[in-house]
Amino acid sequence: MTNVILGKNQYGKAENHVVRVNRDSDRHTLRDVVVSSQLRGDFQAVHTEGDNGHCVATDTQKNTVFALAQKHDVASPEEFLLTLSDHFTSSFDWVTGGRWAAEEHLWNRINDHDHSFVQNKDEVRTAVVVTDGSKRTVISGFRDLTVLKTTESGFVGYPKDPYTTLPETEDRVLSTDIATRWRYNTDDVDYDAVYEDVKKIILAKFTDHYSRALQETLYLMGKAVIEAHPEIDDIRFSCPNKHHFVYNLGFCDLENNNETHYAADRPYGLIEATIEREGAERADEVWAGIAGFC
Amino acid sequence: MTNVILGKNQYGKAENHVVRVNRDSDRHTLRDVVVSSQLRGDFQAVHTEGDNGHCVATDTQKNTVFALAQKHDVASPEEFLLTLSDHFTSSFDWVTGGRWAAEEHLWNRINDHDHSFVQNKDEVRTAVVVTDGSKRTVISGFRDLTVLKTTESGFVGYPKDPYTTLPETEDRVLSTDIATRWRYNTDDVDYDAVYEDVKKIILAKFTDHYSRALQETLYLMGKAVIEAHPEIDDIRFSCPNKHHFVYNLGFCDLENNNETHYAADRPYGLIEATIEREGAERADEVWAGIAGFC
Amino acid sequence: MTNVILGKNQYGKAENHVVRVNRDSDRHTLRDVVVSSQLRGDFQAVHTEGDNGHCVATDTQKNTVFALAQKHDVASPEEFLLTLSDHFTSSFDWVTGGRWAAEEHLWNRINDHDHSFVQNKDEVRTAVVVTDGSKRTVISGFRDLTVLKTTESGFVGYPKDPYTTLPETEDRVLSTDIATRWRYNTDDVDYDAVYEDVKKIILAKFTDHYSRALQETLYLMGKAVIEAHPEIDDIRFSCPNKHHFVYNLGFCDLENNNETHYAADRPYGLIEATIEREGAERADEVWAGIAGFC
Amino acid sequence: MTNVILGKNQYGKAENHVVRVNRDSDRHTLRDVVVSSQLRGDFQAVHTEGDNGHCVATDTQKNTVFALAQKHDVASPEEFLLTLSDHFTSSFDWVTGGRWAAEEHLWNRINDHDHSFVQNKDEVRTAVVVTDGSKRTVISGFRDLTVLKTTESGFVGYPKDPYTTLPETEDRVLSTDIATRWRYNTDDVDYDAVYEDVKKIILAKFTDHYSRALQETLYLMGKAVIEAHPEIDDIRFSCPNKHHFVYNLGFCDLENNNETHYAADRPYGLIEATIEREGAERADEVWAGIAGFC
């Protein structure tokens, strides 16, 4: 006779869209974050007995997100998630951990105006806090930062088999949507400052070398981040190779010297890699629930 | 016995994603446009007889888009669409008009680099050319420029009926995604320069007054554009009122003085209006197939 | 000196997601509709004076949608929109018309259960009521009904020009997402019954002939609908030609007799046509704000 | 001095959209699958040396997907992915594993026609094969099967804290989009038959009990699957609680006895759980890269 048991589980309220304005001076500021809260711990009876005695309502989690945003402001997505984690794990004995995540929409002032803003959609900032007992891990990142080089990229020297038709090229367009997350080994971090610097390093690295494959470029980006930031132990990328095919115009006798491209949607290359500080503690289990690509 | 006839129709190839790089100097430039081509004219027999003698293949239209991008470059979306329109109406007797549209993705240089770019996603630039015989109409615009004011907006004085529960407020967050299109009365236009200026006027106008309703703000934006640009005869807006509700935290005795908001997705207000130069020729039929909101 | 004036405008609350359960018997039913309400009339002062005296709040429109759903139930999307139209135009002198639209999500019973349902996502049902003074027009339709034929479709006999590279074919896959809307010439209609029959006619017509072009197939579908339904005066289609390219496997010496296809996303053909009852009254202005493709 | 090293990585071609028609008889069949291929193994030099000697081109992976679809047909998504896995791991010494995934779009015949089909969008079928050396793991599933009960669901007995405002209810609408994946402990499986049966069990279980929380319902679904299918060792769910709020119509003196609901988009509950066969071998590392929610 089969015994069936409950395995890993988590639950909560996802995508609470909080816009927190700070009006302490006439020069307003705002943080615009979409926050998800999920609790882990002893939720056995909720599943197997229909007993909700431990089931902190997802509605309560929502109320808490907004109340703590009001009470403590949102200094950064990371600090706000740590506040949520501490609240839930200290308020309920049986909540031994959880996963709190935020996506931040960024805003710029319009003409340096005190209270008028235009959204900066170039990328979405991300943050996750994973708590397991007394261990809190912070992972920051961004997604959808789209970059493109019109030259200084090629792809040669790859294996040829009966299914290979791709011609080698020493000059091509290279484009990707950068999605990256990095893990801190401390919580003594100025999260906004590190965010800006990591983004700056990644953009600068994209421009500074001849790319022999997107793999090489991602590795160089990650290496530069790890070397510049001792508080970061590993960084992951999951990036499409957004193909820009040179449109063959031979049919109408037009030369096309890498000028007119067809930008394809699907399929696309997909390159995923981790770059790590040698000797640092691994955190595979934490990564699994976040950017768990392998 | 019923007679059934063919009414208005158009067809073509939609969403050709063209990335045109100009490599004439080491400082590369690019235009990234998603182009749709649709032909109008005598296509009766294609529909009613299965006779494709007049049916310029949509595949041919695609090839033409890429070939003309290579041949003439893409000086601006508007000029490129005019080139397409002229090509098709002059190449085929029975093509008496059509609709050509582009959405342009914008790119900034990374650190002023010669050939490395990062996509600017703040808005999508749009352009449409509608041709009817010898009459070509150009309509430019943009969509998804998201703006927000943290104060200097209110809503009072509206009618109260048995279904009215909204309290009046003299201080609220106002936010919208600006989608706008404007129609030129000439084709002697520096399209890129006008685009930049219209966007600048609209952003500046958003900041400069106390908004008594989104309707008023849209009207003021449109009025400023028409007054500054004699080459524009009308401008349309279709803009959501993106509600930011002050989260009621009375249950936990927290004051919330317009600081912590819940940003709702649906439903949303939807405000659509045309602002026109008095006495200018109307173009309702052209608008109908583009931003045909009424 | 330029005079700037307000042109066409409308406003309201968009995408109110109403799920109306009827529990009058143990065998529950439900209608799941996303309803948009937009008013037209004298809204001059809202725009130009910041005077909201005529501005029926979009929040009031939302409350009204839910209240009338409760009061009158939702017999069909069309009847519910007519109820909304009558309510607003009779309640406010200055509201002389408007546009009310619904998208209906469809549900099937699970195993004929009394109160458990599974969503049928094959298509989305649509309805629009446009009111102008005492004239109410009802337009019904659906979108995203995806069909495919593996044979009995070809494309030959089209013009060849210097940009034509497409080879003729007498056997190809034909696939499209059917989006259609039809206009009634009466409001004495069993909307649910006609909906089912129109969908049935369109699906049957898709199967019953060799298609020489998507244009021909759409025309035949529309013709069959007009002939079967005297209460319908015109019908419009806006349908992509979803290309399924036979993958060329010559490189590895595999034959591919229209078996293995690459289904492309963009670009796609886009075929739009109106099929009309000869002699019927036209309604171009109504169509303009709904499916205003030309 | 910091040493930076390459960690976990994988790469390939994502979202190859294959439509494989079988025309062996006049009664055609088709499988419509979006296939992603990602390789794992020794790809160190690609990243750190720019040496592509081991870098099987993603374009080659694409060609292989289409060629093997032609050569072997697509008997089921799972069998096709196993074929791909065997091909790549046997063709290249340094490819020691990988991840192959498919999303299948389902089609029904139109009126039992031999070669005309309408897409069934009720759910998307999914499959993943993860290979690590000689160990191949098959995980099947589906997503976006949307279900709803109009009664026989409640939520009571949960903890009340200062942030709790949710009233208890013994009668509410319960709705979710079911996303589930299950892992086989053998590859001697009739994948199509098991798929149909698991879906049937899950739908039936949704209807057959009073639900005291979505957690309980998911657990009961999973338990029924594990008990009925000895070839399945664990099953995971990730399901939103799609809130249907009873619209408060007290302002206009209308009773609303769970009839008129506002269906909210965000935030939503998010319930994730694993149900397992006791004593079975765990596969946390495999799950991490697939539905790695914790």
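Think of it as A, B, C and D in the order they're written, each chain with its own count starting at 1.
Note that a contact is a pair of C-beta atoms (placed from the backbone, for glycine too) under 8 Å apart; a residue touches a chain by one contact, two chains touch by 3 or more.
Everything quoted here is computed from the prediction, not taken from an experiment.
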Exercise. Which chains, if any, touch chain B and chain C both?
Worked result: A, D
Seminar exercise, completed: Matching interface for B-C, options A-C, A-D or A-B, criterion over half of contact pairs identical, gives A-D
Exercise. So which chain is farthest from chain A, going by the mean of the CA atoms in each chain?
Worked result: C
Exercise. Which pair, A-D or B-D, has more C-beta contacts?
Worked result: A-D
Seminar exercise, completed: chain C and chain D have mean C-alpha positions lying a whole-number Å distance apart equal to 31
Exercise. Using mean CA coordinates as chain centres, what's the chain A-chain D distance in Å?
Worked result: 22
Problem set entry | Whole-Å separation of chain centres (CA-atom averages), chain B against chain D | 38
Seminar exercise, completed: Among chain C residues, those touching two or more other chains are 16-17, 63, 67, 163, 165, 251-252, 265-266
Exercise. Along chain C, where are the residues that touch chain A in the complex?
Worked result: 162-163, 165, 251-252, 265-266
For this session: Write out the stretch or stretches of chain C touching chain B in their complex.
Result: 2-17, 34, 36, 38, 40, 43, 46-48, 50-60, 62-64, 67, 91-92, 99, 155-159, 161, 163-166, 212-213, 215-216, 218-219, 222-223, 226-227, 230, 234, 240-241, 266-279, 284-285, 287-290, 292-294
Problem set entry | Residues of chain B touching chain A in the complex | 16-23, 28, 30, 32, 63, 66-67, 69-71, 107, 110-111, 113, 115-122, 144-152, 173, 203-204, 206-207, 244, 247, 249, 251-252, 254, 256-265
